[in-house]
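First chain written, first letter: the chains are A, B, C and D, and each begins at residue 1.
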Amino acid sequence: MTLSNISAADDELTIYERSKPGRRAFVAPALDVPERPLDELLAPALRRERAPRLPEVSEPEIVRHYNRLSKRNFDLDTGFYPLGSCTMKHNPKLHERVAALPGHAKLHPLQRPERAQGALELMWRLQDALSEIAGLPHVSLQPSAGSHGELAGVLLTRAYHEDRGEQRTKVLTPDTAHGTNPATVTMAGYEVVKVGTDAHGNVDIEDLRAKADEDVACLMLTNPSTLGLFEPQIQEIAEIVHGVGATLYYDGANLNAIMGICRPGDMGFDIVHFNLHKSFTQPHGGGGPGAGPIAVSDRIEPFLPRPQVVRRDRHNGDGPVFALDYDRPRSIGRLRGFQGNFGVFVRSYAYIRSLGAAGLRDVSEVAVLNANYLLAKLRNTTDPPLADLLPVAFDRICMHEFVLSGAPMKRELGIRTLDLAKRLLDHGVHPPTVYFPLLVDEALLVEPTETETKETLDRFADIVAEILREAREDPEVARTAPHTTPVRRLDEAAAARRPVVRQPL
Amino acid sequence: MTTYTSATDADRQEMLAAIGVDSVDALFADIPESLRLTAPLELGPGLSEQEVYDELRALAARNASTEDETSFLGAGMYDHYVPSLIDSIISRSEFLTPYTPYQPEVSQGGLQAMFEYQTAICELTGLPVSNASVYEGPSAVAAAGYVAKHTNGRPKFIISRGVHPHSRETLRTHAHAWGMEVIEAPLQDGVTVLPELGDDVSAVIVQQPNFLGSVEDLEALSRAAHDAGAVAICACDPLPLSLLRSPGECGIDIAVGEGQTLGNRLDFGGPSFGFFATSQALLRRIPGRISGETRDSDGKRGFVLTLQTREQHIRREKATSNICTAQALNALAGVIYLSWLGQRGIVELTELMLQRTAYARQRLAGLDGVELLHEQPVVREFAVGLDAPVEAVMKRCLEQGINPGYALGGDYPEHANGLLIAITERRTRAEIDRLADVLGAAVAAERGRTLQEVGA
Amino acid sequence: MTLSNISAADDELTIYERSKPGRRAFVAPALDVPERPLDELLAPALRRERAPRLPEVSEPEIVRHYNRLSKRNFDLDTGFYPLGSCTMKHNPKLHERVAALPGHAKLHPLQRPERAQGALELMWRLQDALSEIAGLPHVSLQPSAGSHGELAGVLLTRAYHEDRGEQRTKVLTPDTAHGTNPATVTMAGYEVVKVGTDAHGNVDIEDLRAKADEDVACLMLTNPSTLGLFEPQIQEIAEIVHGVGATLYYDGANLNAIMGICRPGDMGFDIVHFNLHKSFTQPHGGGGPGAGPIAVSDRIEPFLPRPQVVRRDRHNGDGPVFALDYDRPRSIGRLRGFQGNFGVFVRSYAYIRSLGAAGLRDVSEVAVLNANYLLAKLRNTTDPPLADLLPVAFDRICMHEFVLSGAPMKRELGIRTLDLAKRLLDHGVHPPTVYFPLLVDEALLVEPTETETKETLDRFADIVAEILREAREDPEVARTAPHTTPVRRLDEAAAARRPVVRQPL
Amino acid sequence: MTTYTSATDADRQEMLAAIGVDSVDALFADIPESLRLTAPLELGPGLSEQEVYDELRALAARNASTEDETSFLGAGMYDHYVPSLIDSIISRSEFLTPYTPYQPEVSQGGLQAMFEYQTAICELTGLPVSNASVYEGPSAVAAAGYVAKHTNGRPKFIISRGVHPHSRETLRTHAHAWGMEVIEAPLQDGVTVLPELGDDVSAVIVQQPNFLGSVEDLEALSRAAHDAGAVAICACDPLPLSLLRSPGECGIDIAVGEGQTLGNRLDFGGPSFGFFATSQALLRRIPGRISGETRDSDGKRGFVLTLQTREQHIRREKATSNICTAQALNALAGVIYLSWLGQRGIVELTELMLQRTAYARQRLAGLDGVELLHEQPVVREFAVGLDAPVEAVMKRCLEQGINPGYALGGDYPEHANGLLIAITERRTRAEIDRLADVLGAAVAAERGRTLQEVGA
């Protein structure tokens, strides 16, 4: 029985393809001032001949268009999203409510500090909480995302060394590092030097020793690493790095594993960035917004970006005032406009207040428990023997995530990690991160997060097993997956070959 | 204490058993004993939802929002009306909660919206290529500088003092690391005057309209840049672009800007988004995500993140930028807003602001002790100088519930008592008249005081 | 290629089936008063032994559960919804924003009038606007929905007659009447007498004359009728009804056809109800909330429900005050608690202010234009000949909706109206109202509304044609439709035979 | 003028041509000339979205909401905390915009939610059957009376004076049309005392807890009703039901009530929802929609509107009720709220209110000039009598930002200076203490005044 589907075709129009001259949603408020000739206010020479071509659509059409588009997205409120390194934890609905309060949402960034005390105090309190979580005394909320935080961190490192009259040229990053780390190093004007990983998935200490010299400005580390493993020799690493006068940078993308359990500052890190859109539940928005605050040690503090939110106690006992401190002569300066992604701060502050110290620790405990449980569940699956087909990259207790290798599966069953990922889509599950970290062949990086139920983890393991059993019978199903999604497998190569990046009009 | 975890005690026991350890602590064995915290973090206990709500409402109540005063503040972010349909669309979990669309087959909603957004930004800027967003306005200027650096490797940026102070400072922060020099071009009668441009100039950076509200002669500026073999970069304000000659028409190579005015709320400065558009020649140097059209295995149209070989996750240290998470949701609000305005609406809206701004400028120019800082054409914002201490005048206005604008003295010592005044479609004639009355009275009063003091 | 789907199975669990002891979302605020023994405050004899069994689920589970459930609904923001008699017009998003303002949403119904002036003034202005639209001087906003408004209207009729010392026993309703009309009559203690419809779809005047006697309290009429036809003899009908001293009641469900074009009051109606959730865009919510205000003539006014919102001018020139008037000795009394569905009033008031007089008239003009265009489009379709297979019940210019008969289609193609309806679901379109009005065999009542585009109407006509062509080839497809919905055709008979109306626990 | 129609002039011309008429007016030919309006309605011009928003914000600002004062108002609707997830779910268009689920195959979301709701209501009331909602509380009482009327055809309702005054009045409005008499049973020490019940009594109607806050002896009341062959009807408050013996356990035949407290906002009195639960025997007499479980043609579980032969669209004049559109979205909020509270949470919440209410009752009882109107057990609300004019006392409290509750005099002349005080989980101890201070001072001040007057 063949089912024609006219409506589907309609689903695929762009907002531009729906446009029809004369349609409109917006109507302007009445002109209430004496109208002056346009030419008088803007000479023709300054004006464009043709208005920008924007869609002409009515409100009902806009609403339906984007409503339907939304149904072509998979999202966290729909199903399991174990995207490694991204910490796709539940986004509490309270956060949207408090972020939308007019006192937050309609507050102008240049409002005078005495008329924005609530916002400044919230930022100050968030700085305080993040400082406590990181174990480092000073925090700047300014960076807009994780990689922006990294850039801030490396620029701070540069400022620190220059302040001491040193011109260092190299920054060390492990070969397991996330792509933003080396990209940041280049952007900050340094040369990247890779450090190897040993047989246990730890930093290769000998390699580190060999490469750590007086030209090294910084070592950027993620701990737990992108392999989901805690670096047990972290103190020794810190000694080596500090021994050559370099700074130790903590990429906080994986902080969700250790909140309230241990602290980067105590490990010897000088600079830490947080991903508020990971560990602290800012919704990802399909690619942002986020925020990447940084915490630093005393020796780095003088160089923090401008302005800093500070608290000043009044001597008349009136209680403290909160201010923006621009008077920071050694600061690296601004990284962006205004005070950072305040709306994100509101959500993350609400999160920290809701959970408190015990709640945050429980987050990390359950995140790690869920990851290890799912790993065990997969390894104990015998039909098919997942321990053999999808072996864990490093056979250790993992932290909040773990890495599997699809290499044996590819050999035995003839389906690649990519095929498994695409087939997962047919089961209403978002795939883990694939082909990262680069170190592991056919890698799958699985991060369940603490907000998923045991039942969901069990179901995921069952689905993976089922897909591999299915592949044993007929690998073509996975190779040609997905089958039930709004579009089938897309040709990314073709897109890059002849880029069409805007609608031709 | 609120919790968002579902693991019951029974769950935890079962899970530990399956793992084969007898306690959660055992899972943290890799962490050296000496590093394990023995005391809880000093964050206090968790609260119930209602308690957190009450605390945040109390904090928010200590901010004066645009609902609590009549605000003429602009200077980079503006109090525009955000139509209701934007909230109702971007609050849908399908847009709010997914990650960057790494699995395009289940991300067509986001990817198509990016494609639509890129198209609208190309139309506004008159340039052929746009990415899917960068962080925000000032960092977009630095990002544009980074592209210029890679394009010609020259050591100097010439940036107009008409560019937003935050953008100038942000560029400086980056340029230092790149070993590059930042030279500011002065303003005369409110518009940019470029110095001699040598072959050591990597890029010329201007803003349209500039920080003092003036419409710049973009064509002349980009011609000068090109004559010197430099990249022409313009930071622009998207709504005025609906009336003004587009950066593309004027020969600009890279147009960037702050997207807050396109359907995003003020949020005390963020999150909003930055837009980034370039000439075809720079396509492969653009930072960040780009959505591109392609086909699926059935030949159906679809969209994917494309040209990824520019990006950090592929090219790592050779990437054109380190940006990863950007501002997708805010850019989505942007394209919804532009669809809501529509081709005619955006012009009608901007013309309304143009007329009201002209009216306000005239009203204020007519006040004793208030004169215009320049006579250049303006769209939504203009600058005046007060013959009285601006700080004291502002305080008087605020007592009347009016926030008269942004004091320029900090950024422009030459305009110690300068005031930058923005007139969006939210500000009615009645409010403008009220501003004139209150400001006029405040200036008069302060002049009176100073005269007395002098007299005394 | 067979596609297994584990996730789908999970989709179908109820919230109770997801429950697991010990899970929770809510946490109570801290107890801040001295705790007293429960037995002291509530003796054991008063307490239940077992707490009510409610689901035990976490916030992430609740959000995902209902989010997924929502995706099993078709809705107006997703596609065309030409459900006759229900006026499924676009619901402007502004209305949700203004209804949610704390001054509205968090206003206690017993707040003292002097502290609720904004709400009372809004209600008063809405009364005023509805009165103008109906052409009747007095309005009560109290009824909660259309049928509640009908009940109010018939009770007012009773009060009116009793006040004049008359005991009437019968209420007339046309055989085309909506079910709520006769049901209301019974509920108001009257006997229903049916009036026939003539060959043109109008009220059978002779039959009306014959049945209109001194025992008749009221005639309830919908104009345009449920056939989508305007009653041209309405003035004559009014004379007949008034001639026997009865009242003429206007069922306002179809008001969307005539706003700003003509007025029930001018036609001679004594009582009108509005469906704010139809003509005035209150979203339907999957079965409410709505509101059914009534407008009445002077002679009915004394009997209006208590309280009435009134405006009182102050003599000190301070501007008017708005009050709740309880002092209405001849009132029929209350129909419900408090002041009615205020949140609905806010939305409908915003709608009227947004459109104004010209906008409202345009609504009705386009509603009627769209209906007649779609009718023409269908009738002009030759492959297959829809004019023959789905003939319009009455061959006239229609108003905002029209009735087709599926009888020939059933005869010729062997598919019923129900099958066509179910097959439409596969095309992403909501079916029209089916098997109503009862008068028409295999009826389809089609109401496009004014907020649909011409393209959508064209697509609908194409889909209908396609379904009938498909049926000509293979009627089984439609007979077994829907095929692409979350569930297939459901067995309603079985549900009624052995009712399971709660989850067994 | 805002418009939500998409018909351009070109569209209109094409459509008229297809229809074969030359003007829109021609489409209204059936309307007698004499009835056609020649002038526009007197509604004024349409406004832009921002203008309408501003107007409604200005109106809303003239209301004192529970955010603007510390409110102890209850008396049928209560200031409970509505968790954020409810808005985020019920604002989804898939729940907000569909009609009553006439096409179950594309309405499983709504129908399953109704089924879940019905289950939760059955659990709360201890009765086996619930419908999917009725309008609200008081009309639900009348609807219950209508069921009783059909069940036994007897001419009298006995209704306790402990039932909400609005419910009593609403019942009277209906009973009159049914030719039935409504007799009120008095309260003694705050609880209901039934008169002799003859065989002419159709139903006995009580409220739990009653309007003055007292917990009634439901079992005794329903036994009395049944002994007389009458239907036992109880209007109940769902949150207290988590602690109190359920209507079902107590032999009640029909339990109805106001659902606002279950996750619905105050909205100045509506929309909320009414719940309606009965014994198995009354299943086929229930008004309104009921969702029932069934199977689809593949044998998969699904839900449909069931027992429709009760309803107006099938049975017309023989229907058990005329209700059609009810309050589905509000009932959805109800079941989401109950899932959010959960089995333990609902008890914890109610116990918190119980404790704070006991504390408040004790604090106030200790004030000079304030005494309890009764000593019965209460859960969330209690009544006091003031030895001072209540109106004047309230005014004084309001000046302090405290709304002390509901004045009983209007409904209960015997309690001319009675005050009904509600303590939800929103009211903290600090606020209760403040109420005690402010109320105590206000009463003292007013007594002082009256004494003076007497003295004078």
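To be clear about the criterion, a residue touches a chain if its C-beta (ideal position, glycine included) is under 8 Å from a C-beta of that chain, and two chains touch if they have at least 3 such contacts.
Not measured: the values here are computed from a predicted model.
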Among B-C, C-D or A-D, find the interface that matches A-B: by residue number, over half of the contact pairs should be common to both.
-> C-D
Select, from B-C and C-D, the pair of chains that is joined by more C-beta pairs in contact.
-> C-D
Distance from the mean Cα position of chain C to that of chain B, given in whole angstrom = 45
Between the Cα centroids of chain B and chain D the separation in whole angstrom comes to 47
Where the CA atoms of chain C average out and where those of chain D average out, how many Å apart are those spots?
-> 20
Sequence positions of chain B contacting 2 or more other chains = 1-6, 11, 46-47, 49-50, 53, 57, 67, 83-85, 87-88, 91-93, 425
So chain A residues touching two or more other chains come to 20, 23-24, 26-29, 57-61, 63, 67, 71, 77-78, 90, 92-94, 96-97, 451-453, 480
Chain C contacts chain A in the complex at 1, 3-8, 10-11, 20, 58-61, 63-64, 67-68, 71, 77-79, 90, 92-93, 426-429, 451-453, 459, 462-463, 466, 470, 474, 476-477, 480, 483-484
Spell out the residues on chain D that touch chain B in their complex, using ranges where they run on.
-> 49-50, 53, 57, 67, 81, 83-84, 88, 91-93, 425-426
Okay, in this complex, where on chain A does chain D touch?
-> 20-24, 26-30, 57-61, 63, 67, 92-97
Which of the residues in chain D come into contact with chain A in the complex?
-> 1-6, 8-11, 46-51, 83-85, 87-88, 93
